[in-house]
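Two complexes, one shared chain (subunit A), two partners (subunit B, subunit C).
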Partner chain A sequence: MARRSESAGPFLLRAALLAPALVLLLAFFLLPLAKLAMLGFEGQGYWAAITAPRSLRALRDTVLLSAAVSFSAVALAAVVGHFLARRRFPGRRLLVAMLTLPMAFPGVVVGFLVILLAGRQGLVGSVTEALFGERLVFAYSFAGLFAGYLYFSLPRCIATIMAAAEALDPALEEAARSLGARRWRVVRDVILPGLAPALVASGAICFATAMGALGTAFTLATDTSVLPMLIYTEFTLATNLGVAASLSVLLGATTWVVLALARGASGSLAANA
Partner chain B sequence: MSLTALLQNCARSFPDGTRALHPTTLEFAAGSVTALLGPSGCGKTTTLRLLAGLAMPDAGGRVLFDGTDVTGLPVEQRGIGMVFQNYALFPNRDVAGNIGYGLEVRGVPKAERTARVAEMLRLTRLEGLGHRRVDQLSGGQRQRVALARALAPAPRLLLLDEPFGALDARLREALRAELAALLATLRITTIFVTHDQAEAMALGDQVVVMQSGRVLQQGSPRAVYQQPANRFVGQFVGTLNHLGGDRFCRPEALRPDPAGTLGGVVLVSFFEGGHTRLHLRPEVPGAEGEWVLNLGGTVPAAGSRMTLALDSAAVLHLPA
Partner chain C sequence: MSAVLTAIVALFLIGPVLLSALAGVTANWFLGASAGLTLAWVVKVWDLYAHTIGLSLWLALCCLVCTLLLGVPAAYALARTPSRLARLLEELLTLPVAVPGIATALGLILVWGAVGDFRIHWTFLLIGHVLFTLPFMLRAVLAALRGAELEVLEEAARACGANFRQRFLGVVLPNIRGGILAGALMVTALSIGEFNMTLLLSTPHTMTLPVGLADSYASMRLEVGSAFTLVFLVLLVPPLVAMQALSERLGR
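Up next is the complex of A and B:
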């Protein structure tokens, strides 16, 4: 009780200390968001913007693409991250340093790289033409987007998961093996549960980043449209602020809901394990 | 039930060529309890890991269980039980889940598994804690869970890496007695690593003293204490008083005696309850360091001179 009255005492001081943070929150977060939400009511209004077939298709494509990228990136990063955390080999430090390089590239550069790889004049095309007499070009489709998104998502996932794998106690794996567990049992019973928080965290960041990615999509997407591109088009080309704002709110809300669901699911998984 | 384990000419080198363990041959008789004793870096843990299959010996070394070569078998196929230094309990499983893991992996049906887990909980005095999370357990309880988990699949060889390392002194002694009683009922071949000589002497039928990757002496605790192979073993297993040259004696070989031939000046005394531990500066030519001696009753004050008699049969001749 004594502690309580003590903490109630310097209320003004606390308020004063919190004030700068509150002002920042208000100025850069709450107010613009509120303004954005208000903007959505202009023009055709929310319902029309959100239920337009074009928006729905873009939303569906964006969610599916982001989910596929997140799952693939996390799965690949789990294997690579655990390997890099556990094995020591010549050139390991250089490899780890190089893996973080793509983090610095803007989305446009990533898109450019995908075109170099799988575009009309791309490497994959040349090889497949030489082998099968037909050029394989997938840079401008969802496969190309997937490759680009995966490229910029992987480094972040690997970095997070590697840190978590380094913190895993190797004795746990040895204990499981000493009790008769073969490789896959160890992965299932020890490594994956141990990495679960990092897998969920990096998957969530990956998903949110992919949902909002514009540069790569902008460079690649000729056959496809993702939601951020639609927003960009509405905002800059059509100067349709109302539609852009309602789509933005839709994008934010969808991402938030999917992440909340993922956290809930992983939380109950961890509790059951 | 238990097996005879044999390390035959086993060495273990680091990639840079330094030896963690020099070629070593050691036999662990069926049902015996052996302590691998030595300072850190002496090769005791390496020896344990070779037996477990967590490390492979250099070419030429062989590990045999009851005469069968198991050198190429990884740990999961050796059928051993192992208790790790910090217990390595699975944090995502409760106590029963930890204990039952080895049975689960072996595909033991659920009903049988539950019965066996209950039996292990009883054996290690953990009844009622089956559904506890492992992070809610005390250090002593964790150690018992680790032991129960290792024993549940009924291994024929039990390996323990510093089983009391993470516990405080009081708990160590209590659990040491408990483990000794448990091992005596199970009669399972047991090998444990420790750097604590009291623990090695109390638990082991046999003590293997190691230093810098070599076995210095192997024998019963009594033999190792009374006839140490060299100065290092003598000093590591108990206390040595230097009498000059290569002559040493244990503290109990010296006793206060007005007619004695040896003298020393009391430097400091430590009251340890049942007895008092005295440190003396020897007044004997050639004797280096301090003498230690344990006395009951009242003891002379610091600075006073003592006359001591030596049990000449207890003099140890130890080369450097």
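Up next is the complex of A and C:
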């Protein structure tokens, strides 16, 4: 221990290296969040803001949407990630690049892509009109939100799960197969347990990102109001600071709890594996 | 089975991007690509939104400098302090990623919004961007610091009489340059695309590219929005591709 700390210079030096980042965090993050949490007590208070029918509906829809997207994204990414980790084929690198590129697309752009895909002048509408004589338009509904959230969740999940699958020993799968295990048994007893920590971790990140996402809902302007959107309208249109603050705290707390739970689960899964 | 599903997912992710690029250079999307191709929409985007592009690039650059100056030393201090306190501080410093951007933005406006002209100055946005991207720089650099056998090298340099400055500049930095570069590319890409926090923080005086995009989607015709998206992708994709190439090279 003594050797380690000596090699990094004295304690004061290390404190000085950390100080600027900590000051920034304190002044522009911890202080504002504390103020936000305090503000929630003013006016009607937390309980009234959270139990208003509109808030409850938004909370329910946001959690449902985020959970559904997380499960779907992780399930799809598990298949795609495992496939990409095991197979070698021409164009594989390009495919991986294309699959992970949308990772940093902001939500507004994703919302616009959904409009191009399933909006009033969208591709799905044109195709369905040509085939069935009726335009299918779902961009501005819950399905549109789902498509958008799935779009920005998939790349990150695929990247994480592919890396985890590459770290798994393929010999285990071959051994199970040569011992006569059927395909789904190999998946259930070998691949899934091996991938479990990565699946839980990427699902949790996915959920947290979906809970806080604003851009996609902003562009799509759907009937379904997600919680970040409700906070935005409460703040800008209704200038109802207390309610916006209470809802922000609710949103932050829900997200944080899920992340903490998932990290615990992921840790114990990794320990058991 | 897996191959088919992978193909469908790839189509879902790439199809809309190509669609958008095509719409951005099509004379009239409603009539289809047969109406002819044009760069008129791109020119129009430039006239209307050039200032948002300029601000976003400037912000990304400043954000990168700030995260480098704040993040690299902080990561080093954290990596070399094997204590509970260091774990706690690391946790704290990465918290802005877990808290929804809109909540952070609201808090920033509450505490700092009324201080002079800060609210309408571009540095107000910079603060938000640095808060949000610093964790990514920290993580990338920490991973590099913990990966290499850096402590042994540093110890050797110390035994040879190198002081802290010589060790940090001559031994530590060159050995973690891959991590720093990966963090830098991530920070740049995230700053250019940040919206969740920026929507509340930005004002008519300080409008960033993604906020401008939202504006064009809401008030302009589809072709203009598409052309703007195309311009945005041309800016965003190079750092992303560089990031992937780098991570592949480092992974080997």
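As a working rule, the second predicted complex is superposed on the first by the 226 of 273 C-alpha atoms of A that agree within 3 Å, B and C clash if a C-alpha of one lies under 4 Å from a C-alpha of the other, contacts with A are read in each partner's own complex, and residues count from 1 in each chain.
Assume contacts are C-beta pairs under 8 Å (C-beta built on N, C-alpha and C of every residue); 3 or more make two chains touch, one makes a residue touch a chain.
What you see is a predicted model; the values in this text were computed from it and never measured.
Trainee: What is the contact status of A:Val200 with respect to subunit B (first) and subunit C (second): first, second, both, or neither?
Mentor: Once the two structures are laid over each other on A, A:Val200 reaches no partner at all.
Trainee: Thinking of the overlay built on chain A, is A:Arg185 touched by subunit B (first), by subunit C (second), by both, or by neither?
Mentor: first
Trainee: Which of the two, subunit B or subunit C, is in touch with more residues of subunit A?
Mentor: Looking at subunit B versus subunit C, the one contacting more residues of subunit A is C.
Trainee: With both complexes superposed on chain A, which partner does A:Leu18 reach: first (subunit B), second (subunit C), both or neither?
Mentor: Second partner only, subunit C.
Trainee: Based on the superposed arrangement, let me know which partner A:Arg177 touches: subunit B (first), subunit C (second), both, or neither?
Mentor: A:Arg177 contacts subunit B only, not subunit C.
Trainee: Based on the superposed arrangement, let me know which partner A:Asp169 touches: subunit B (first), subunit C (second), both, or neither?
Mentor: In the superposition, A:Asp169 touches subunit B alone.
Trainee: Tell me which partner A:Leu76 touches in the superposition: subunit B (first), subunit C (second), both or neither.
Mentor: It touches subunit C, and subunit B stays clear.
Trainee: Over in the complex, which subunit A residues touch subunit B? Could you list them?
Mentor: Interface residues on subunit A, with respect to subunit B: 169, 171-172, 174-182, 185, 189-190, 193-194, 270, 273.
Trainee: With touch defined as at the start, can you tell me which subunit C residues reach subunit A in the complex?
Mentor: Going by the criterion above, the answer is residues 2-3, 5-6, 9-10, 12-17, 19-20, 23, 29-30, 69-71, 73-74, 76-78, 80-82, 89, 92-93, 95-96, 98-104, 106-108, 110-112, 127, 130-131, 134, 138, 151, 154-155, 158, 164, 189-190, 193-196, 199-200, 210, 213-214, 217-218, 222, 225-226, 229, 232, 236-237, 240-241, 244, 248.
Trainee: Provide the residue numbers of subunit A that touch subunit C in the complex, in ascending order.
Mentor: Residues in contact with subunit C: 1, 3-5, 7-9, 13-15, 17-18, 20-22, 24-25, 28-33, 35-36, 39, 76, 79-80, 82-84, 87, 93, 95, 97-109, 111-117, 121, 123, 151, 154-155, 158, 208, 211-215, 218-219, 221, 228, 231-232, 235-236, 241, 244-245, 248-249, 251-252, 255-256, 259.
Trainee: State the interface residues of subunit B toward subunit A in the complex, per the touch definition above.
Mentor: Contacts found on subunit B: 52, 54, 74-77, 79-82, 84-86, 88-93, 101-102, 105-106, 149-150, 153.
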